[in-house]
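A, B, C and D label the chains in the order they appear, each numbered from 1.
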Amino acid sequence: METTTAPTDEHVRHGYTTNKDALLKRIARIEGQVRGIGRMVDEEKYCIDILTQISAINAALHKVSLGLVEDHVSHCVVDAAVRSQETGDQSIVTEKVTEVTAAIGRLLR
Amino acid sequence: METTTAPTDEHVRHGYTTNKDALLKRIARIEGQVRGIGRMVDEEKYCIDILTQISAINAALHKVSLGLVEDHVSHCVVDAAVRSQETGDQSIVTEKVTEVTAAIGRLLR
Amino acid sequence: METTTAPTDEHVRHGYTTNKDALLKRIARIEGQVRGIGRMVDEEKYCIDILTQISAINAALHKVSLGLVEDHVSHCVVDAAVRSQETGDQSIVTEKVTEVTAAIGRLLR
Amino acid sequence: METTTAPTDEHVRHGYTTNKDALLKRIARIEGQVRGIGRMVDEEKYCIDILTQISAINAALHKVSLGLVEDHVSHCVVDAAVRSQETGDQSIVTEKVTEVTAAIGRLLR
């Protein structure tokens, strides 16, 4: 899905790598929360308490998503804007904007 | 948070235990999906692909939530309705309905 | 979609009628909010401010939905539970629970 | 909240104006849908049918939001990117990206 590019270019495109450690910690915490609801089901805890935990996981995933959207727009889209300004090729921007909008649309559902 | 009751009563109250194995498998799969996005971040995959994966996790968690809501209403709320009919104490039902509605409200956010 | 029944039965089934006036006021306010974003678009207001308004409408609609779910469970589902207890026909409850769960599922999307 | 600027600049900044008529039509349709649920409540229609209608309104509002996000990113953020490239002032972009991310975050809740 991803075209292989030189490492330096990768770092320009993949903005989240700047906060990679923080992001990985957050995702590891969410993984632990999901394992936690597995344990709650196994121990036959009260449904409502499990639902509350799932809401917490949803909120944590939303934060991760938002962080990725922010990084993507500030790196990938902005990059495309500058390149399209230099080359006069507007389609680079349109493509990136359409792509991130579609991704946000999937998150909203 | 949960009052300790006899095992048999627990099983009446905690309806999800009937599909416990299927539910545990689903949760284990979600845990794997979360671990997967950790790996994607670590390997600096494309943001949009990670966002798509998060949308899939959201959808999977929604399904788990819905299953728990369905089990809870069909066991816990229905149970309370029958007991309140027998005892004439309406408050048992009101409490359960308020509780599940609040849980759904947290999921909607 | 709806089977026509005698007025009294309607009132038992349609629990929201108890707070009908409050509910109608809330919906009228949401209608005004939607008209408001139309006006904002017409006057070419700042996108972000319109998005903020839409978030407020989403929240208001969520509250209306939750109120309807609560009324539905406390009237319709509880009613079905009592009737199924009397008649021994469990399918009445199952049908109602499946129906409300599907409705909640559509709201979660 | 909005700084008053010359009309031409407005049109650059407020990208949604290009599809203004289509957008206004969509919003008018949503207004009608909200009025419709008011009528359903007034006529004491079945809760589940009203909930289904609310889900349709949610989906319609999501589409409007997404359209506004797309226009905002492709105009406002891209504009800021180009200006910041010209002036060397990165803060213009950062501000715009933070602003749109916050708006998306409010939609996700």
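Methods note: a contact is a pair of C-beta atoms (placed from the backbone, for glycine too) under 8 Å apart; a residue touches a chain by one contact, two chains touch by 3 or more.
Keep in mind that what you see is a predicted model, and the values were worked out from it rather than measured.
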item	value
Furthest chain, CA centroid comparison against chain A	C
For chain B paired with chain C, centre-to-centre distance based on mean C-alpha positions, whole Å	21
Computed distance of Cα centres, chain D from chain B, in Å	32
Chain centre separation in whole Å, for chain B relative to chain A (CA means)	24
Chain C, residues touching no fewer than two other chains	65, 69, 100, 104, 107, 109
Chain-level touch network, classified as line, ring, star, complete or other	ring
Chain B-facing residues of chain C, complex	62, 65-66, 69-70, 73-74, 77-78, 81-82, 85, 93-94, 97-98, 100-101, 104-105, 107-109
Sites on chain C touched by chain D in the complex	1-2, 10-11, 13-17, 20, 23-24, 27-28, 30-31, 34-35, 37-38, 41-42, 44-52, 54-55, 57-59, 61, 64-65, 68-69, 71-72, 76, 99-100, 103-104, 106-107, 109
